[in-house]
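All remarks here apply to the structure that follows.
Every chain is named by a letter (A, B, C and D) in the order it is written, and numbering of its residues begins at 1.
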């Protein structure tokens, strides 16, 4: 059952991801954004299969929820009909895709060569262990991320404010 | 006293420069007095040091710790020995005369005070090179000499030619200096010290200490002298540096900057003379040693510059090429393994070449900044004092006894005769050339009838300018009596009687002396035949190809501009052309160097497009990963 | 827990947040005072950082955070850079109608990010501190939102930066897979077993991510565009601070955590160093924009500093620290002048500098000095840094021929760089201005900051001992196995 | 039997797709979305490795992923604000349109 679910989620994530970045049927950015949301949900399914339940929830809440809504909002705010007419230059696109493929192959070759135990131990503890780690050693990165969010907020407010004069 | 005086000699010019630029800039007279006072005081202090009992007898050092971190320990100190004292005397005596002369020459200049501040800064830097006890300190002052000469040569920066000449001098020197720096690093990493005395001791203990890098290190250090002393192929900056005020030319070309290279070679002679050894990669050069290469370069420079000087029409350029030629002799003497004669020639040359430049300055001033020798003529009557001092200097340069130049040059030629007959023969040809171009200059400028506009009434400069000229003329006459070589060799002074020294060349090497005199006579006869009463140069009519080649400086400059794209000669030429290219946007004008072109090609990669950048980044990462996994 | 060790960073962060809060109650005409307060506060923190002695390394947060001599050196450097950048920002922010407080607060946050990075001893702290710095820089680069070049530079920096971050995260994931821990070497965990192919590939991706911060080939493309488009104070902070943080992390990762891997990668690192030197210097020659020229030269300087890494010794690391401090002084001075000498909206063209010595002799002298120091001419500080870096390479050349080539390339690069640095000097002093322009008034704060940089350039060049000793001590704290 | 290798392969492919998108698309919003995909691939890697490494290290990996998600959100927030600001000037979210900064 778990094996089957893995294949389903993996296939959905890859196909939706592909359609998000290179949709042969529609060049509408809205469609891309929706496919990306699907891919993100599928990844969260993979997280759950890896017993990272809390992360699965966070992925859906923050990524598929908040971030994608932001994307959709901006896409609809900007009038992007003009964008759809443009065609990507074929040669450049082909070269870039070949490069991406090569990099992916190199990375997966490395990842698969350095194997681990075939039967992974279960991830125990769940949210309780996470919470304990979060408020001991990991407190520092967590707080820095909080500061980072403040900085990003200040920046976003400044950048999107209309000029007074 | 022995420690205080050298510090004073070194620091007085610095104090003068600082005082002038900080406080006395509006007071022109006071500024000049400060600057002149500093160097004259330095001159007297140097003389006192000579006179102090035992001061000159043995080398000593005074130092304060400057840099100490980890294994690195460098002191800031002064090394006082016969070599540095002699050089300091030359710098302060000739430099002092030029300072005083400047007071008259630059009278009408708007930035009079600034000029003297630069002059003092330059003197400070030069004295720093002279007294430096280690490589690092020497390199510091070496660069400071470069910077302050840049300020002086480009002093009239409103003229584009002056600005470009200053930049060219600076940049060409940097090329040589980088070799010098690499040489210092090599020596340091091999011998573990930068201190001259310590290096000499370590090399004496273990002559093979430099290992396979011995010859390379010597040649890299020679690169520094190549730039500063304007030897082929880095000689191209010196003639252009004539764009500076004439006293600056005198200072830079006679006594100080160009002499620094020869002085440095004499200082580190023990490194050059180390056992020759090449690294495996340069095995095909086995058999050549550093001194041999230095000798060849010096000789070539001497001949080349002498030839080019034959066909120059600008009075200062003739003198510039003559300087190049004489520097070639000095470097050749070093290459013959004889730093003593090289320093002797440096000292005498400093005096008479400065005198020639001051005379040229007086003429230029009298003719309202006319520098073309074919528009002078007949100045013998109008400016008798200038004529006689110029003639004395010319005779000294052509090695006529009993003037100073005779003894120093004969000494070099004699050593050449003993070691290598071919070198001697070529150097002898150089002597003929020297006499030819110098007497050409004298005959055209002072002889014949005036060829200038009628209304011009040239007259002697005021006595503030003539006193330094007389002083230098006196030095030139008397220098023959000085036993510089014996002094440098460490012998007690006054062992040989004056008379026996004066007749020395005749006693030691009569053939060489007679040959040298014959060369001078031959050159003089040729000049007399060709140029007496001439109104224009007869050579272009007779041998047009040769003359035009010489006029275009053997095409060397053009060749540089064309082919050695990476050299700064090309880049300096390019600067304006490239600017025009960018402004015009299209047409490619002028020559471009390969560096410029590569820069331009690389810029094509910088398209301004994020996708290109991201693609290149991805390619880089992919290459990195492939290298790791393969 | 030892959280007290993080006091300097915490104080900088608190200062930034306090500034944002105070901004709410400050009337528009008093915003400048906030900037002064920020400068004062940062200077106080800098002074306070000298209360920490550089003794044995101390750890906090389970070994995630380390305070040793090197971290302390970098923190002081970054605090100093921050003070000067704030002074520039105070002057420059007159160009944006409001936003002084936001700009200053963001600079402070970026500085705090760099300081965290200097103490990172764990991939998580490395990642979040780098991101704090980078995300803040996205905003700082595009802060002049009415000027298109600033926005364009921002979007370029953002996209390439995000791409580099993605490489970095992926690399860390692979390293984690290979070692099973997120800690570096040292007391917090076992050293990275660098035999595994996962770790080796992961580290290569991390190198690409960090290489973006220092602007080395092949991650260098953003530098000229961003330096040109960004506001001058931002560019100053990028050049002096962001590069320093990148080098702090590279030193930790390459020399401390993964020395075996660095040894294996040495040929590639040498290639990267040589390519960076050549690329930066060659491309800088035809430039006419001062900030763009500095962008290219920053690539070349990254290459010079990599020379200190390829020798894989403490002496090389010390040379890098010395060089970074000298580079910071010179480049900060140059960008300060770029912020002051040009009118708002005017592109920073070099020919427009003509006659600067008449408009403001102080600015002209400062820019000339900084150019000469960048070119590496004694007795200024730039010379000594290059001298130390080259010395390491020349020493290594005795063992391996390829180091000889590297030294040759570095020298060729230095020679080439004279040409364009002196082009700037010539433009200042030796070219006729197209039109007479009014003198420039330099405010007291900016003048003092510029003076501090100049004192650094000259003093550390003439008396290099104290700085050299500090750099050597700091590099001594590196735990090179 | 599904092993860690399966997850790693999926992650690598996802990374490749994201990279291809980031390199080929000219619309800046789509480039940002592609980079999100790359970050997700890295996160998936971390979680897969974390499961191997045992629960203590695994929870560290999970926390890392949480930080990464938050940072990615902040990054896209700033990115979108920038795109909006540019759109106000140029009426386009397209990259590489006659860039003034080049050469």
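In the analysis below, a contact is a pair of C-beta atoms (placed from the backbone, for glycine too) under 8 Å apart; a residue touches a chain by one contact, two chains touch by 3 or more.
Treat the numbers as computed from the prediction; the structure is a model and nothing was measured.
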Of the other chains, whose C-alpha centre is the longest way from the centre of chain A? B
Of the chains present, which has its C-alpha mean closest to the combined C-alpha mean? C
When the centre of a chain is set as the mean of its C-alpha atoms, what distance in Å lies between chain B and chain C? 41
Centroid distance [mean C-alpha coordinates] between chain D and chain B, Å: 63
Rounded to the nearest Å, the gap between Cα centres of chain A and chain D is 6
Based only on mean CA positions, could you tell me how far chain C sits from chain D in angstrom? 26
Residue numbers in chain A touching 2 or more other chains? 92, 96, 99-100, 103, 106-107, 110-111, 116, 137-138, 141, 145, 148, 151-152, 155-156, 159
Where chain C touches two or more other chains at once, the residues are 124, 127-128, 131, 135, 138-139, 142, 145, 155-156, 159, 163, 170, 174, 177, 197, 200-201, 205, 224-225
Junction residues of chain B, two or more chains touched: 603, 606, 608, 610-611, 614-615, 618-619, 621, 625, 629
Specify the contact topology among the chains shown, as one of line, ring, star, complete or other. complete
In their shared complex, chain D is touched by residues of chain C numbered 123-124, 127-128, 131, 135, 138-139, 142, 145, 148-149, 151-156, 158-159, 162-163, 165-166, 169-170, 172-174, 176-177, 180-182, 224-225, 228-229, 292
Report the residues of chain D in contact with chain A in the complex, numbered from low to high. 1-21, 23-27, 29-30, 32-34, 36-37, 40, 43-45, 47-52, 54-56, 58-60, 62-67, 69-78, 80-85, 87, 92-94
Residue numbers of chain B touching chain C in their complex, please. 66-70, 72, 139-140, 143-144, 146-147, 154, 157, 163, 167, 170-171, 174-175, 178, 181-182, 185-186, 188-189, 213, 281, 566, 568, 571, 575, 578, 582, 595-596, 598-600, 602-603, 605-606, 608, 610, 612-614, 616-617, 619-621, 623-625, 627-629
Of chain B, residues touching chain A in the complex: 611, 615, 618-619, 621-622, 625-626, 629
Of chain A, residues touching chain C in the complex: 106-107, 110-111, 113-114, 116, 136-141, 144-145, 147-148, 150-152, 154-156, 158-159, 163-165
